[in-house]
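Chain IDs A, B and C follow the sequence of writing; residue 1 opens each chain.
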Amino acid sequence: LAKTRIVTLLSDFGLHDPYVAEMKAVLLSTANDVSIVDITHDIPKFSVRTGAFVLASSFSYFPPGTVHVAVVDPGVGSGRRAVAVRGSRYFFVGPDNGLLMPAVRMDRPFQIREITNARFTRPTVSSTFHGRDVFAVTAGMLLKGESFRSVGTVVLDPAEAAFPQPRAVEGGFDCEVVHVDGFGNAVTSIHESRLRESEIKPGAIVGVSVGRARIRIPFERTYSDVGKGRLVALIGSHDFLEFSMNQGNAARKLRIKPGSMIRISFGT
Amino acid sequence: LAKTRIVTLLSDFGLHDPYVAEMKAVLLSTANDVSIVDITHDIPKFSVRTGAFVLASSFSYFPPGTVHVAVVDPGVGSGRRAVAVRGSRYFFVGPDNGLLMPAVRMDRPFQIREITNARFTRPTVSSTFHGRDVFAVTAGMLLKGESFRSVGTVVLDPAEAAFPQPRAVEGGFDCEVVHVDGFGNAVTSIHESRLRESEIKPGAIVGVSVGRARIRIPFERTYSDVGKGRLVALIGSHDFLEFSMNQGNAARKLRIKPGSMIRISFGT
Amino acid sequence: LAKTRIVTLLSDFGLHDPYVAEMKAVLLSTANDVSIVDITHDIPKFSVRTGAFVLASSFSYFPPGTVHVAVVDPGVGSGRRAVAVRGSRYFFVGPDNGLLMPAVRMDRPFQIREITNARFTRPTVSSTFHGRDVFAVTAGMLLKGESFRSVGTVVLDPAEAAFPQPRAVEGGFDCEVVHVDGFGNAVTSIHESRLRESEIKPGAIVGVSVGRARIRIPFERTYSDVGKGRLVALIGSHDFLEFSMNQGNAARKLRIKPGSMIRISFGT
């Protein structure tokens, strides 16, 4: 892997408490001169699937060699394994609960190792905060250039976080809302490539059924292609179909949230 | 301009989503060893004027040569231009919608250029996220020392964000509340220099009319010059007249918010 | 003290406004190439005691030589002194209102000096924002290697922030909830060492009386030792007794908040 001094952090810790700072403190105590970037610490508490989605959306923009540390960890201190992963371009460090895997599978070939070498943890490991006591140390050791092989034994059966796949139906798809961002943009599980098959072009109409309601929304290139306060369907910046409102909140208007099942239909 | 490795980011993206992190990822991929400071990402969504106020308040504390990137961009992907500005001490990068201009006008002489050179953007530019695909790349290129001239063509007619000017009336001013901070301090558009004309000194009384209500508030040097829970008028840390409450929330008490029109009178 | 280039910031400023960024701007203008870590800026407004607790919990994870700047400062601009402290491993900078002292007392021997040397402040000091105009400059000067002695005169009578001590009662303790974190974990003032005296072991039952209600809660090692949604007592990652709920919010369930008085009893 390329050498870099960059490490990212993603968690559900929030910024209210000193937990994120303690992870940074341990990172800076383990490796000199690292550059730390927060991806977000506002993952909904314990939502491994949302964390997995956000990590998979964003990891690949970073310089090769970056170490990505992610901690959404309801099973901390239980039997779940702590792992480090070497992919083709990045390292990943976190709990073995599926959080890392959607990103890891986009960075093939990869190897996963359980963190069993005590040199890769703090001398005393708490039962409740492996972000600080295990993952930050392991990330720091990898940034320092310690060999990945010495992390621990190879893991061949990592836990997975299932991402919902859209299901093709007559004239469209049944799919899930996988994320709602801070602007109220509702991101579906339909990748741009699926729309290319359907030959949807700007100016088309997309039907959206939520529960019994059905709404017709224009498919356009960007938010301001429709009037202020109007709904629009578009390909978002991560290449998935999403529903937005020009200068408004589409998810609130459509009454959908992460996990909502919706039916999409085209050309009617 | 002085050489530095510092870039600031200001946006309405919030920290809930990975958008800010993706801008940082692109910055770090474009220029090595940059130091990134978040000004804030909590600008009210789409509020160009608030973003302009906050940028103009804070940009000048940074070391000369700093590149300031600001993104409050309801017109992303539409015809609005993307621009970079070289001022006398700083660079600025963002949409041409007025967001940058109050700060830019404080950093004369300046030159504005439209970002038209494809080397200053990502190879593929999305329609919805120019913060990542355009502005972060341009900022990184300027930090690397690329010539400002190669950004693109000169812009002579930038869009402006109007700041409200206070209007002198008998014995005082009609003015606007331009910002309410997290403590509830309500900042008016009256600069300290206007008060010097009026010879207001600590111990004076300031009358504030909000709607039909009129309140008399002591003008003092700092919060604790009045009792806990008492209102006070003072010159805030950005040199504008503001209304505060010692260990309390003045804006809530006075029922004012950004955009509220108030009348200020002195000596009565 | 060891040399490092790390400075931490803790405040009640929030991230909504540019105040934290202005402190960083002044730090970067005073000392080159510093690495800034936010501990948190979400201390409840004016809560010196909470700030003191969070700083004391987290400062010792940082590399020796780190400069800790903390600003929860209801008395800014009044007569309260501004101070810098050299402990055995760290520097501390902030108001003399007790905020720093619980941490400082864990870093003995220490010396406290009032910031009276004008070289350690901005040329113009506002009455309302010493974080930017005093503390950031002093921190930058210490990071640059300026002598601690030149900060100002020695302070022998620093203000203190009283931490509540648990009171032993028959079969247990009366104690205070000193912190509730973003997960709803309620941290008490009972240090692990007090439990060792009482020989409490995983599997024991802890009785908690809040007002007239009394609840029996299992004492375990980690959250997932009880079922999802069940309460658990454990030693948290800062070595204090805390009450948690597996994937839920214990403080909300128990109706306790910072400052709540509770009675803890063992073995019944």
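By definition in this document, contacts are C-beta pairs under 8 Å (C-beta built on N, C-alpha and C of every residue); 3 or more make two chains touch, one makes a residue touch a chain.
Model, not experiment: these values are computed from the prediction.
Interface of chain B with chain C: the two copies contact each other largely through different residue positions, with under half of all numbers used appearing on both sides. Chain B is reached from chain A by a rotation of 120°, derived from superposing Cα atoms (nearest 5).
Mean C-alpha positions place chain B and chain C at a centre distance of 31 Å.
Counting only residues that touch two or more partner chains, chain A has 15. By the touch criterion stated above, chain C contacts chain B in their complex at residues 13-19, 21-22, 24-26, 28-29, 33, 36, 45-46, 74-78, 126-129, 132-133. Within the complex formed with chain A, the chain C residues making contact are 6, 8, 15, 35, 37-42, 54, 57-58, 61-63, 181-183, 221-225, 234-237, 246-247.
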